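What follows is subunit A paired twice: with subunit B in the first complex and subunit C in the second.
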Partner chain A sequence: MSNNEVAEKVQNNVASKDEVVARVVNLKKYFPIYKGFLVKKRVGDVKAIDDISFEVRRGETFAIVGESGCGKTTTARTMLRLTDPTDGKIEILGTDISKLSREELLPFRRKMQIVFQNPIGSLNPRMTVGQILTEPMLFHKIVSNQQEANERAVELLRMVGLKPFHMDRYPHQFSGGQKQRIAIARALSVNPEIIYLDEPTSALDVSVQAQIVNLLLDFQKNMGLTYIFISHNLSLVRFISNNVAVMYLGRIVEMGDVNEVFDNPIHPYTKALLSASPIPDPAIEKKRKRIILSGNVPSPIIRPNGCFFNPRCPFRMEQCDKEYPQTKSISENHQVACYLVDKREV
Partner chain B sequence: MSKERKMNTELRRTMRKIFRNPSAVLGFALLIFFVIVAIFAPLIAEPINPMMLDDNGNPMKLDDPYVMPIITWSSTPVPPSADHPFGMIQGRDIFYGVVWGTRTAFFIGLTVTIISTLFGILIGSISGYYGGWIDEVLMRITDVFMSIPFLLAAMVLTTILGNGIDKVMIAMTVFGWMGAARLIRANILQVKEEQYILASKALGVKDYFIIMRHVLPNTIFPVLIQASMRMGSLVITAAGLSFLGLGAPLGYADWGSMLNFTRNWILGASGSTFSYWYAVFYPGMAMVLFVLAWNLVGDALRDVFDPRLK
Partner chain C sequence: MGLVKYIARRLIILIPELWIITIIVFTLIQLSPGTFLDQYRLDPSISRETLQAMEKQLGLDKPAVVQYFYWLGKLVRFDFGYSFYYRRPVIDLIGERLLGTFVLSLYSFVISWIVGVVLGIVSALKKYTATDKILTVIAFSGLALPGFFLALVLLYMAARTGWFPIGGLYSPETAKMDVWSAFKDIFWRLQLPAFTLTFGSFAGLMRYQRGSLLDVMNEDYVEFARAKGMPERVVIYRHALRNAINPLITIFGASLADLLSGAVITETIFSWPGLGRLTYQALLQKDYYVVMASTVISTVLLVIGNLIGDILLAAVDPRIRYE
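After this line comes the complex of A and B, so read on.
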């Protein structure tokens, strides 16, 4: 497929509410581990993502939650093709991009952008805000000349709540929240359809978090953006997202509508996660029973037999040690990979 | 805002910054002074031999101005006088040696620093950017070079190649690139995982642009600053080698070989320790000020290049 054809295909995709803009099918990302001096031998793999599938619809916010090292960020980076997937498909706007070359990817690069967790590291300290914002537009030829780019950059700054005179400043002259606004402006500069938000608020303090979240929600409403939101802040996830996937050791253990999953969690891991996030009411917080998980996350290199969660699971059964549970639907928009589903049905 | 005006404000800001800092001013002033001395050396110390006259009775021009003429047959150092303001040693005028030695110092410093830094940058950036076994091989080679004591290596190399200022420079280049290589490699390793690089990759920007716009501007300045500071210390190293008799040939206008002359007089005459002070003081002082100038300039550059200090 030539570049133009791809570009056309991307452009011609008519926006509809139920359209799937991103679909991941059996995606795998293994990082090989080598040992030895000069002559290296592959001794194993870190299975950062192990066979995950999900769909993201236009205009929704799809959240991925889980503890550190469960593969959330790797999922986003693989979907952006910042790292190449080991296996599986990544369909963006109807095209599988998992094997496209650098040039073939370009039209899709425009459609997907990312906002990182750490606003300090995500802006080049030697470039002014103006340079940071105009570089992507000029590269993708969204504007025809520097002056047009500058005008658009000023407009973007205004949209994220900054002033035109900030154009000539350097990143270190801004606060954390302002830097994150600049990072959002850079992501918006190429008119993307999907934005990956990799814990965009976790490095900010609470009052600034709320501002950034509101800004993101405004943009979503006005521009019909699709967000893939990576977080471990569950109350925030519930507030802004429509669907959620809970990941554990590279696999999705529970997925579905955010209210259904959070109100009626089936998987013990989801329950434990929800139980770990505090409720902003001291009266309830004091009385409520918390599930405290024992042990640590097992190594992603040598994983337990059967269900990966079995060493920490309070409901461990015989079959949990034998085979990894199948993913089952318990309602139209709620899937779980746990043997407790069967028990519940009985 | 037009590009030109922006450049000007940038330049003015940089200049203001330099002139606000007294040690930076001192550094640049010293450096400019040495540059002037080097450029106008033929006017300051005329390359003539007063002991030999040509057919018209005028002093003869020197074939090679870097070889100091013998102008007195006195075997002991001659104290400063109106004609020879820095005195004379081993029959040669110290003033002449110091003035023409400035050229030698610049020549050695610039050549060795530029070649070894470029080589270091090449090795270090290949190593850092590509990683893997290339990195492994290049860094082990670097380690081997670093493990050999510099003076010993330089001595062995000059023994093989023979004496002379060019041989010393070869030795200093061959054993002087490792610092720059290590520095730029470490910087690239750090910068290449930064999120602004990933953000650029997510935009599909070409590797070449990423290196030119994001990687190099954030990694090259520490190397340049280190190079400017090394410029001074290289002159000391060269002088050290000359002092050991490995460097410039006898009578060459080089601060180190001038100090070599003082070996027998450094302790003074019996009873008066400082009787030959001028023999050590003038070439030594030239060297100290030269090193100081480059160090202060290096410091000033660091302040100017760091955007966080603007």
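After this line comes the complex of A and C, so read on.
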């Protein structure tokens, strides 16, 4: 990418700071469960995502956190249309892509890229780094010929801290951190606007994690990228993201500005999540009271009545068993779905 | 250069391997009850003197160890010895039977591979659908049905309906036919034994292909190819299938040996003049050197087949290199 292009992007970014680049409205993704050998009967659904809505603004990092199986990755996969949504809208750059055909999706696919958690599985072992990097550009016609693609691939390698001679190597010849750099270069190869980062550092050594995070932050600053960041690592989320959504059993239970949500969590689940991550100060860590949740995450097939969190909630009240709490705003940029909101106001 | 050395090393290892295997097979034949001459001993018209003369002539009067080294000494000069029963060089016998076995095995080999791989891919792409389930049932029937049983059922049907000849490579008239009718006749006679062999072997291949493709389809790089918006066909052929062939190449190498070792049971039931039947009859008659020759051929082919598989693997997979 030329410097002019970068500059232009940054300017666009400044010009449209509040532009919503991705909006999800009442998104649902159910996986049907069938039983029976010859005659199949639909016996239920795994409600992986159940009616979630959020907005992601240009240039921000929007984090999605939650336990394994809460629907974080399914959210990203559905937004990328790797799996079709059951219901709801996915607006990318102002267009609802939830029902577009494969051909109609192509221009949007160029704008959205993904970096996976496991760098080993995310690169095709039969392809050289050069092929891995040039295939997306050639496919999306970002470049006109192979030579141009190669030049651009070498430039991308340089950007992620690798060398031109790495072009002819195969993925297995690199370390985990290097592979993740290649995966990032591949994501950048088509000049995307939104990058989904599905736990991009959790498979790496701590020392390498920091390098990858810094690399990602640099690119975000220089190119005005928008990140949708899926993670378990709450301290990392706080460090790099602007807004955060906490998911539990396919729903967003609390969402808002990362500092507001983390400093002043309302939902008991958010509190428990936050208390589960250690504080790097032994003095505070010793005195700190941890909220230990009892029980396991309920099955997403048969969920509890009322609030899904009620069997594990230390503050369970009568109304929690009856109806799922409405999402309420407690400040301009902080929403929560919990009856404790009303208590707090009293 | 590394590859040449690797191949040389593998071929050198073949020598001690072969030696040990021949000792084992020879010992096993010696340990099994009876000798080649027993059938003559039961015949009252053959005198004691004749028997002794035969024993001496065939070298059976010597201790087993001496017999073994005598045979080994000849083998080193590529002489497989004489058949007791046919009174002819083993190499000629095998030469005659090789074509029959090769025609049958190659035919069923090609069909099993094409059918197995194609149906495996279909089965994987249509995972859990009715198509997949039907193919799975067929595959498991293929794996579960013993070859001899299927062969007998086919033979029974052939006898009842008269649609297929009930055995043999040639009919009595083959010699009188012109080339094209003879070819058609042989091709027709090939069908039942070939079907028996194919039904037993395509099923395993199909399940391997299905399993390995499904494994790969879940990999992130396949997901990434989809996220690029590539048509599913391109995703499967360029990204998934190329990574799903490793286990099949290994099986391919190992099964190359089957091409010339003969299918004992199928050939016997369909009276197919192949190596398998020759070996089986030789075993019953204690015709040592025929059995030994057949063992040597199978072993060499197995080792070379595996070597070819390994070389192919290195050719298609950049992660595999031989030093």
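Here is the rule we use: the second predicted complex is superposed on the first by the 331 of 346 C-alpha atoms of A that agree within 3 Å, B and C clash if a C-alpha of one lies under 4 Å from a C-alpha of the other, contacts with A are read in each partner's own complex, and residues count from 1 in each chain.
Following the convention adopted for this analysis, contacts are C-beta pairs under 8 Å (C-beta built on N, C-alpha and C of every residue); 3 or more make two chains touch, one makes a residue touch a chain.
The shown structure was predicted, so the numbers you read here are calculated from the model rather than taken from an experiment.
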Superposed partners subunit B and subunit C on subunit A - clash or fit: clash
Touching partner for A:Lys28 - first (subunit B), second (subunit C), both, neither: neither
Partner chain in contact with A:Arg316 - subunit B first, subunit C second, else both or neither: neither
Which of subunit B and subunit C A:Leu105 touches, first, second, both or neither: both
Touched partner set for A:Asp168, first subunit B, second subunit C, both or neither: first
First (subunit B), second (subunit C), both or neither touched by A:Phe139: both
Shared contact residues on subunit A - subunit B and subunit C: 37, 77, 80, 82, 102, 105-106, 109-110, 112-114, 116, 118, 121-126, 135-136, 139-140, 170, 172, 186
Complex interface listing, subunit C residues touching subunit A: 133, 219-221, 223-231, 239, 242-243, 316-319
Touch list for subunit A against partner subunit C, complex: 37, 77, 80, 82, 102, 105-106, 109-110, 112-114, 116, 118, 121-126, 128, 135-136, 139-140, 170, 172, 186
Parts of subunit B lying in touch with subunit A, wherever the complex brings them together: 1, 6, 133, 136-137, 194-196, 198-205, 209, 213-214, 217-218, 307-308, 310
Complex interface listing, subunit A residues touching subunit B: 37-38, 40, 77, 80, 82, 102, 105-106, 109-110, 112-114, 116, 118, 121-127, 135-136, 139-140, 168, 170, 172, 183, 186, 190
